[in-house]
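The following blocks contain the structures, represented as structure tokens.
Both of the next two complexes hold chain A, though its partner changes from chain B to chain C.
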Partner chain A sequence: MLPLSLLKTAQSHPMLVELKNGETYNGHLVSCDSWMNINLRDVICTSKDGDRFWRMPECYIRGSTIKYLRIPDEVIDMVKEDAQAKSRNRTELNKNRVANSAQNQRAARSGNRNNFGNRSGQLSGGPGNNTQRVGVSGQGNRLLAQNNKNRK
Partner chain B sequence: MDDLNPLAGTAHLLEEVDKKLMVLLRDGRTLIGYLRSVDQFANLVLQRTIERIHVGNQYGDIPRGVFIIRGENVVLLGEIDREKEQKLPLKEISVDEILDAQRREQEQRQEKHRLVSKALKERGLAVNAELINEDFC
Partner chain C sequence: MSGLESYINHTVSIITADGRNFIGTLKGFDQTINIIIDECHERVFSTSSGIEQIVLGLHIIRGDNIAVIGLIDESIDSRLDLANIRGEPLGPVVH
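Coming up: the complex of A and B.
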């Protein structure tokens, strides 16, 4: 879980943002982007020395001015639960995938010739394949000829 | 095996994940917590963080919780040795006491600064206190 993904997870949670200049902004995270620019709502701004306060309904903070963000403990727990659920899904998915690929291998082994035939048929449109096709068809003719010979 | 590792020989933080780290910020603050995540900008996620304030040979810890630190504000970080942590040559005092000590230290520094600029002024050197960044003194 990257720091910025964690920030995204913290959306709608209360947080404290301290800027490089020492001002702090307390509010609920509305949105954020990959530059760490953020939107807050119901904000209380505190001056560097902590003796003046401003209240504002919303604010936008440019990411590059941020020193750090403090988020509630439970956000990291949410992430852990998410990650666990995801890894559970992934293992199940992998199990299925292994089962499927085993089936596919079996299928491929039994039908290899047919596959090759189909593929060369599909490729016939390209100019580079002409020689190959001639070769193949030539071989086919020869086989045919051989068969004819055998029949005689 | 090393040839396959794209991070071999480069400075990186991935090995520090989940360890107890001390992080020094550019504003001089010291944070101690468990590193949970990093990215290519050295943005950090610290969990169970405390802010440790040192004054002389005393220190105090303030619990702070979870931090997302923007990488450019980090000066250095390093793993805390759990064994050496037990026998620090420092004395832990309460939060109130350390904040008080910090305030007194700050006042002393300001007083010293005032005297220095006064002395410089008397010798014909005008010093603009606003322009002096205390971080680099």
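Coming up: the complex of A and C.
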């Protein structure tokens, strides 16, 4: 399980965030990104020595300033369902990918022959070769689009 | 494969850059060594009284803040008499 998927699952849950400078922020997680930058709502900030408090409606914390996050225990069980569903999807995706890459290799092999033709055409500066080129890249794009479709 | 993979679902001891010691079950990690620790406890060392154990629960510790991750032998660890172990607390990492 990845720490950032756990964090994503913890959205809307209360949490405690301690920064490297020792300040702690208690609030509900609104959103987070892949750098661990986070948005909190209904926040209470506590100074390093724990004797001063500030209440704020929301705050944004840069991920790199975080020391650790304390998350409600039940959140870890919620990730498991997500992760399992994802890994199931992934195995199916991989099956498709293997099938597609075999297809792509065949396309690339035949495409290469055309590319050589194009290159020599380009050197001689013949404009007519462009049409052929578009045809080849068009085929590539179709394969890509198909690939992307399967990936979703 | 990262050496941490074999620690997954085992009890580990984390020493952080600020000199704290966390014990818990390693549930996950990523390429920057951010880690998920379940059933996390902090062990606070002091010279005047035994080790104080503070229950913290589920934690994500950011990789920047981690100095050491060690595998705990649970059979040895459970035999420790924490109340009678004294020791100086660690200081923070000096950069």
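Brief remarks on what is shown
Just so we're on the same page, the second predicted complex is superposed on the first by the 80 of 152 C-alpha atoms of A that agree within 3 Å, B and C clash if a C-alpha of one lies under 4 Å from a C-alpha of the other, contacts with A are read in each partner's own complex, and residues count from 1 in each chain.
Simple rule for what comes next: contacts are C-beta pairs under 8 Å (C-beta built on N, C-alpha and C of every residue); 3 or more make two chains touch, one makes a residue touch a chain.
Owing to the predicted nature of the structure, the values given are computational and were not obtained by experimental measurement.
By the document's definition of touching, both partners, chain B and chain C, reach A:2. Of the two partner chains, neither chain B nor chain C is touched by A:61. After overlaying the two complexes on the shared chain, residue contacts for A:45 are found with neither chain B nor chain C.
In the overlay built on the shared chain, the residue A:72 is in contact with chain B and with chain C. Judged by the document's definition of touching, chain A residues 1-4, 6-7, 20, 36, 63, 66-73, 75-76 lie at the interface with chain B and also at the interface with chain C.
On chain A, the positions that touch chain B within their shared complex are 1-4, 6-7, 20, 22, 36, 63, 66-73, 75-76. Looking at the complex, you find that chain B touches chain A at residues 25, 27, 36-39, 43-45, 47, 64-70, 73.
By the touch criterion given at the top, residues 1-4, 6-7, 20, 36, 63-64, 66-73, 75-76 of chain A touch chain C in their complex. Against chain A, the residues of chain C that register as touching in their complex are 16, 18, 27-30, 34-36, 38, 56-62, 64-65.
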